[in-house]
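Both of the next two complexes hold chain A, though its partner changes from chain B to chain C.
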Partner chain A sequence: MALPRHLKNGLTPLEIEFLAENELIEIAASIDSKQNLELLGGTLPPLKPLQMSKVPLWMAISLKKKQKCNIVVPKWMTIDSLQKSLKDEQEQEVFSALPYHYMETAQLLLENACDDIPSADAVRTLLKDLREARQSKARKGVEALGLTYIQMDHIGLMEINEIRPFFTKAFYELQKLRPAGDANDVYGAPEPYRDGSASLSSSMLDSSRQ
Partner chain B sequence: MEDYYDIDSILAEDQLKAGSRIDIPFWLAREIVDHPEGTVPMDIETPEFYGPKVRNGLRAEATVVDLPKLCPNFFRFGTHFLQLIEDNKLAKVLEEAFKARLQRTMDHTQSGGNSNSTEYLNRLDETERECRTLNTSFS
Partner chain C sequence: MSDEDDFLISAFSSRVTASREPDRTRTQLDPASFVQHLTQAWINERAAPDLLPYERAAVDGLLLKIEEQTAVIDELDAGNDTSIITSILYQTELERVKFVLRSYLRTRLSKIERFCQFILADPASKRNLSKGELMYAENYLKATKQHFQSSFLSSLPPSLQGQEDVVFDRKLSMISQPSLDEAVFCRVVEDIGDYQLDEEETVVLEVGQIFIFRYRAVRVLLQRGQIELI
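Entry: the complex of A and B
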C-alpha cells in the first residue's frame, strides 16, 4: 500500500484515544444547560444539577476541567470489579470482559478526574496488573497462529493495535512457509480441534489426496 | 571470430559430464526445471543450511540458531525452495522454527530491549527483522 511509513502500522495511540472520547459516560453536573445539547453525534437531554446524565467522555473531561461536574466512575473501573477481572484474567485462558476502550478510558479518567475515583492509586495498580496479564496472553497468541484464524474475544482496541502489524506480517509469512500441497487446508477446513465435523472434513481431504 | 553455429565449438564448450556436481544459481535451477521443452536430467541437492544438522538444531532450540550466518534470507529462500522441491519435513521444521522464534521476537518489539537482546537480534533473518521493526513505533 502506498501509505506513508508512519501510517502503515494502523492507528496511533492518540487516534485511539480520540475514538475512545466518543464513548458515553455518566456525570453529575453542577450546572444547568437549560437546553438540549446539540452535538454532531446526536442530541442529548439538557444537563441538570444534581442529576445523572450521560455525555461523551470528551465533554465530561472538558466540564470536569472547568469544575462543572463530577464524573461517575464506570462500573468496571471500581476496585471490586477490577479485582474480579484480574482474578478472571489470571485463572481463565480467555481475556476477561472489559470494555473495548478500557485502557484509553481509564487513562483519561485517571489523568483528568483523579479526585472522582475512590482510591485512585489502587485502581492504577490494578489496571497495570491487568494490562500485564493481558499482554502476556496476547503474546501466547503467537503460539496459536495457525492455519486459518486466531480468536481473541474482549481484547481492547489499543491492545489489538499494538499487536496488529506484527501478527499480520507473521501470519502472512507463516502461510508462505506452508508447502503448496496444503493450500486446500489454508482456506478450507479449520484445524481439527474441538469440533468433530472439522476433523471429519480434514480426514476426507487426506483420503482424497491419496 | 568463431561461427556461432560451429558445432565443434559448441561441443567443446559443453564439458559437463554425467554425474558431475556444479553450483548454479537458484533461479537457473528453477528455469531448468520449469523449461517447457523437455527436461535436463538432474537432481537438486538440498543446501547445507537446510541439512540435517541445522534441522536438528532448529528442532532442539530454534531461538539459538544463528540464521544470518547460514543464509540471510533463511525463511524467504525456504519458501522458494519448497516450491521447487517437495519436502514436507523441511516445511514443517521451518514452520515450527519460525513460530518458536516469533514469540521471542515479539518480546523484543514490546520491551525496549535489555542487555542480552542485541545478541538475539543478530540471529534474526531478514523476514524476522522486518516483523520486528514493524512494531517499534509503539514500544
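Entry: the complex of A and C
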C-alpha cells in the first residue's frame, strides 16, 4: 500500500508535532555559526553567542540537546499569560486566542527544555487546566453538527485532530439526512461524471479531444 | 521501507528535466517558499477526499534544491566544531523536507490506487496527475484488471464478469469515486467576504477563521488558494 491505513484519517499526532517544529522560537545561542544558515526553507542570519535569534523549533531543540543554546519561553507560555488565558477560557463561549500549535509547542518545550522554563510545574498544571476547559468546549460543537457549517476559531491543530474522526463522520452522515435538492447525488461525482450511464465512455472521448 | 522511498524520489527526480512544461495552476513561486508551499500541499492532500492538482513547480524545484544542499553538506564536513554543528542542522532539515516530499507523493499514490479508474476516465481529475503518476495509474489499472480476470472472473458466467457495472442510473457503480460531501476542517487564508455555501446559506469568511465545511461547498476556494485544509 502506498499509504498505511492509519495515516488515512487526517494527520497523526507525531506529524502534527512535526509541523509544530516548523514554528519559529527565540533562542540565545552559545555558539558562533560564523555564516548565514542557508536552509532549504530560507536563510537564517548567523547565530552569535549571547544574541537572540529566531529559529525553527526543531533547530532550537536540536541545539538545546547539545547544550548549545537556551530557549526563550514564548510570551503566551508564561504563568501570567496562561492564567489570563485560563480565565478567558472559563468566561467566554469561544476559544481563547492561543497559538495554533500551542499544545505541541508546550509539550516539546516541557520535554526538551524544562530548565529554561521558570516554574515548569505550575506551567504544566495550567496547561492541563486549559486543555480540559477547551476540550469540553470543543465537544459542545456536537450541538452544531446538523448545520451547514461549524465555526471554531482559535482551536489548536492537535485539538482538531482529537475531534476529527467523530466530527467529520457525524457531519457527513447528518448532511445526508438534509432534504436538500442535491441530496439524490449521494456519490458526489464531479460535473462531467454525474449524468447518464454512458458518461464513462463519453468522458473518455472528451479527454481524447483535448 | 527507506530503500523503497529513495527509489520513489529518484524515480521522480529522473523526470525533473523531462517535464519542463509551464505550470498551469499557479504563477511563479518564490524558491524560498517551496518548502512551506509543499508542506501545505501535503496537508491539503491528506485532508481532501479527491486528488488535488500536482504541485509540479514546488516538487521539481525542491528536488533540485535537495541535490544542491546535499553537495553543500558534503563540502562542509571539515574538522572544525562549527561546521559540524552547521552540518547537523542542514542534514536535519534535509531529512525533514524529504519526509514531507515522500509523504506527499505517497498520499497521492494511495488516492490514485483507490480511485484509479475514475481518475483516468474523468478529464478534470486526469489533468491533476503528473507524468509519472499517469503512467503509474495506467499500469496499475491494467494490472488489477488482469489480475481479477485471471484469478476468478474468468470462471464466472460472462454476464457477471463486468468490472465497470452501473445500476440505478449511476447511483451504484463498481468504480470507486471520491465523495465530495465529506466534511473537512479548513482555515481561511485571505478575506473573502460573503460566500454562498449552498442555495440557502451564506457565510462571511475572514482571515484566520477555522470552519468545518462540506468539501464540495468550498472546493473552489481551495483551488484558488483562499483557504487551506487542516
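Everything that follows uses one rule, which is that the second predicted complex is superposed on the first by the 174 of 210 C-alpha atoms of A that agree within 3 Å, B and C clash if a C-alpha of one lies under 4 Å from a C-alpha of the other, contacts with A are read in each partner's own complex, and residues count from 1 in each chain.
Here is the rule we go by: a contact is a pair of C-beta atoms (placed from the backbone, for glycine too) under 8 Å apart; a residue touches a chain by one contact, two chains touch by 3 or more.
Model, not experiment: these values are computed from the prediction.
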{"item": "Which superposed partner A:K66 touches (first chain B, second chain C, both, neither)", "value": "second"}
{"item": "Partner touching more residues of chain A, whether chain B or chain C", "value": "C"}
{"item": "Partner chain(s) touched by A:K176 [first = chain B, second = chain C, both, neither]", "value": "both"}
{"item": "Partner chain(s) touched by A:L39 [first = chain B, second = chain C, both, neither]", "value": "second"}
{"item": "Which of chain B and chain C A:R139 touches, first, second, both or neither", "value": "first"}
{"item": "Touched partner set for A:P13, first chain B, second chain C, both or neither", "value": "first"}
{"item": "Chain B and chain C contact sites that coincide on chain A, given as residue numbers", "value": "169, 176, 180-181"}
{"item": "Residues of chain A defined as touching chain B within the complex", "value": "6, 9, 13, 135, 139, 142-143, 145, 161-163, 165-166, 169-170, 173-174, 176-181"}
{"item": "Chain B residues within the chain A interface of the complex", "value": "75, 78-79, 82-83, 86-88, 91, 94-95, 98-99, 102-103, 106-107, 109-110, 127, 130-132, 134-135, 137-138"}
{"item": "Residues of chain A touching chain C in the complex", "value": "1-3, 7-8, 10-11, 15, 18-19, 21-22, 31-35, 37-43, 58-59, 62-63, 66, 68, 148-155, 157, 160, 164, 167-169, 171-172, 175-176, 180-182, 186-197, 199-200, 203-204, 206-207, 210"}
{"item": "Chain C residues within the chain A interface of the complex", "value": "32, 34-36, 39, 43, 46-47, 50, 62, 65-66, 69, 72, 81-82, 85-86, 88-90, 92-94, 96-97, 99, 103, 106-107, 109-110, 112-113, 118, 121-126, 164, 166, 169-171, 173, 175, 177-185, 197-201, 203, 208-214, 216-217, 230"}
